[in-house]
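In the two complexes below, chain A is the common chain; its partner is chain B in one and chain C in the other.
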Partner chain A sequence: MNALDIDYMLGLMPILLSYLPLTLEMAAAGMVLALILACLMAVVRVLKIPGLNALTLLFISFFRGTPLLVQLFLFYYGLPQLMSALTQINGVTATIMGLTLHFSAYMAESIRAAIVGIDRSQTDAALSIGMTRGQTMRRVVLPQATRVAVPTLMNYFIDMIKATSLAFTLGVTELMGATQKEAAGSFLYFEAFISVALIYWGVVELLAWLQRSLETRLNKAYQR
Partner chain B sequence: MRNMLRTALLLASLGVTGQAIAQDSDETLKVGMSGGYFPFTFVEQDKLKGFEVDVMDAVAERLGIDVEYATANFSGLFGMLGSGRIDTIANQITITDERQQKYAFTQPYVYDGAQVVVKRGNDDIAGVEDLRGKTVAVNLGSNYEQLLRELPYSDEIDIRTYESNIEQDTALGRVDAFVMDRVSASQVIKEKPLPLELAGEPFSEIRNALPFRDDEEGRKMRDRVDQALNELREDGVLGKISQEWFGSDITQP
Partner chain C sequence: MIALQGLIKRFGDETILDGIDLSIEQGEIIVVIGPSGTGKSTLLRCMNFLEQPDGGRIQIGDLSVDVTQASRKEILALRRRTAFVFQNYALFANKTALDNVAEGLIVVNGWKKPQARERAGELLERVGLSDKANAYPASLSGGQQQRVGIARAMAAQAEVILFDEPTSSLDPEWVEEVLGVMKQLARERQTMLVVTHEMSFARDVADRVIFMSDGRIVEQGPPSQLFSTPQDERTKSFLRKVLATQAPW
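Let's turn to the complex of A and B:
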């Protein structure tokens, strides 16, 4: 067909990049909230707190068992039908909510795995010198579990950044939405989508680099 | 040229409705559109443009209220309307029986036909009757899928529903044809670098209008917008906007 329109891509890049902050903000907010929720759920699961444990299992089962897009549509279009006050929730908030709930379900399980993976003898030792269960968790188990969980949690963060591209279905013009609309105006699909792909890729590469340096730091104590 | 026209429209409507603007300038009409339907609604250099934008700007000016545009994937628009996040959808929404039961429509402001479009050089398909045994793309949530299903030989057509980019997939030869309204199909072929051509004549008349929620508030706004459309039609403003974008008046039957 036609040759690649480089000029168009160069003109498009700054426009698309101006939508990157929104994409990153949604992902960052989703990540922080999901981490908090996931840690709480992981602790509930590890300590098998009665009642809460069953509730957490149901939560994880639902949010891991249904597509993110379905959950977003449920929050944004479905729930206001039942409670009209929920119309106040805007697209950005609904996206952050969806990302938080969806990814916290996955993250809770990988945090739990990291906690369970810390040798049982460490807990026994901590308890034997008189630490409470809470102190044992905070001072001995969680710091070590963090090191184990970081690579998988970073993976989820990367996935979350890309998942924000669903927000345009809720009327949020983020990076992907802006690209779709520009492509509709120019019909230069390849140029538009390769531009946005490069942007996502660049951001993720930057994060992977951050992850590597974070891991190196966390591993310092283990290097001889 | 377009800017001059817009300024002229603005001045003209200021003269007529100056009082109205003073009265309720804090009111806002929230209009949803996909931003992905050339030349009705699309984005160029980060600016939302198109026939729909010009029409709704003119309607809002005539009513003396502000207009605010919200863009979302087409499949999300009716959800936004239903959940009260927007007041109406300006995206060439065709009046159908099902939609009329659920929404309060204004008068039609675009009269058009459904058109089959094929890759340039595809002589197999010369109209809707040749779609037997072919793969045909339509947009998700559009009424063209239904139009195709109503054909007596619809079970012989492989209908593929797309979220977007049906023009591109037809040009690539991944589907044999797509169905869209005649007006924007002609426009796509004329202005965009895709090897496409119209196949035969339009096969069904379609009338497009603005849907509002079918409740008291929605119907009230519908009546006001309807009145504004009447005035814009009589003043020739609608026709002028259409000439600007299409070189013909698609706002008349």
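Let's turn to the complex of A and C:
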């Protein structure tokens, strides 16, 4: 058994880290867009808006029912064939699109569950003092649903960060793609991949720590 | 002046309100009593469309609506002329006591935040909770939460405050403080429609007591009359049961 080439790993780390921003950018963009889309779908589901509700169900069913990798290939390789305007689509855009649609399907359901979980009488109370449905959602229900949903949503965000590694299959040189190239050059596959694993792990741990402090803050109103 | 005409509410095949006619003068305090499941709460909830009634008319002040044709705007207007106190308090869990009271002033009445909070502070003082202004509902006792609920209803400056069994979820030790606040409101001639099982409150405070059974108003009158000389057999039997456990005098 050969010894682990620590020096190689130490030299490799800064190179890999320089690709971390792209990975995080894709995840952040995907997360923001997915959150917006998921909130809209959750509200459609809760209010059972005719037509849109059925469409949302179909959307959620499809994007939860097929692998992310298949969806990415569909956007990157498949769609341009149908729509010539999309021939310009680059790997990063396709990845963000895929992450957004895929994760929004999951997030919509957990946001919906959080909304439904808020005591119905608070909605009655808001309506009874003359607030509109929209105001009730925005000012009473959603802030509380957020607190309930945050742990799950953070889990999806963590999942999404790791899922950006699939962008490498679309030819994007992000964290995973860069590692693959470096490893292919040096033949030190174990060192390269354990390095990239450590980077992902570190990022996720940092997020988990942020999640805990966020939850503490959101729980302020519920201390007895 | 509030008037209900032929108010009807059904849940599926079951008729919960079977044509309720009721008029309430400004400043009148009305207590609704009756067995459980006879539509007392539903009556209140229909008056502000928390439940959609199936027939009849509701008039509050100069606004009169046919409930089957009420527009969104009319429903909103009705809600702004009524205020509601809930059995389980229903405070906004994410807001402090002060903000629970100020919320409607800001969002519904368009008040500036500082003015709304100042007014909310005055109302909390009136229900004896100045020192709890910055407390969240989870840290308040049931009695305190319900008093915040009443302050929130008072802030709405509604024509009528609807009380839906305001003391039923309370531990006995908190009942008096909530009734005390309600009595204070009654002395100020705030129009109130109160569903309650507190017979002594009905006796002391009500101008008129209404006995409901099976979705109808069976009989009504001043408390002295209704409690001492009930006419209908159902009223007699209900009062016998209730007064066996709590004497109104």
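Some observations on this one:
The working rule: the second predicted complex is superposed on the first by the 224 of 224 C-alpha atoms of A that agree within 3 Å, B and C clash if a C-alpha of one lies under 4 Å from a C-alpha of the other, contacts with A are read in each partner's own complex, and residues count from 1 in each chain.
Just so it is clear, a contact is a pair of C-beta atoms (placed from the backbone, for glycine too) under 8 Å apart; a residue touches a chain by one contact, two chains touch by 3 or more.
Predicted, not measured: the structure shown is a model, and the values here were computed from it.
After alignment on the shared chain A, the placement of chain B and chain C results in a side-by-side fit free of clashes. Counting the residues of chain A that each partner touches, chain B and chain C differ, and the larger count belongs to B. Once chain A of one complex is fitted onto chain A of the other, the partner contacts of A:P21 are absent, as it touches neither chain B nor chain C.
Contacts of A:G117 after superposition on the shared chain: neither chain B nor chain C is touched. Once the two complexes are laid over each other on the shared chain, residue contacts for A:F187 go to chain B alone; chain C is not touched.
Look at A:G202: by the touch rule set out above, it reaches neither chain B nor chain C. When both complexes are overlaid on chain A, the residue A:T132 reaches chain C alone and has no touch with chain B. Using CA centres, the angle subtended at chain A by chain B and chain C is 170 degrees, rounded to a multiple of 10.
For the three-chain overlay built from the shared chain A, the minimum Cα spacing from chain B to chain C equals 49 Å. Residues 48, 50, 76, 79-80, 82-84, 86, 88, 90-96, 103-104, 107-108, 136, 138-139, 149, 152-153, 155-156 of chain C touch chain A in their complex. Those residues of chain A that touch chain C in the complex are listed here as 119, 121-122, 124-132, 135, 139-140, 143-144, 147, 220-224.
Note for the complex: chain A touches chain B at residues 1-2, 11, 15, 18, 73, 76-77, 80-81, 84, 87, 91, 168-173, 177-178, 180-189. Those residues of chain B that touch chain A in the complex are listed here as 32, 34-38, 42-46, 48-49, 70-73, 75-76, 79-80, 82-85, 164-165, 167-168, 171, 188, 192-195.
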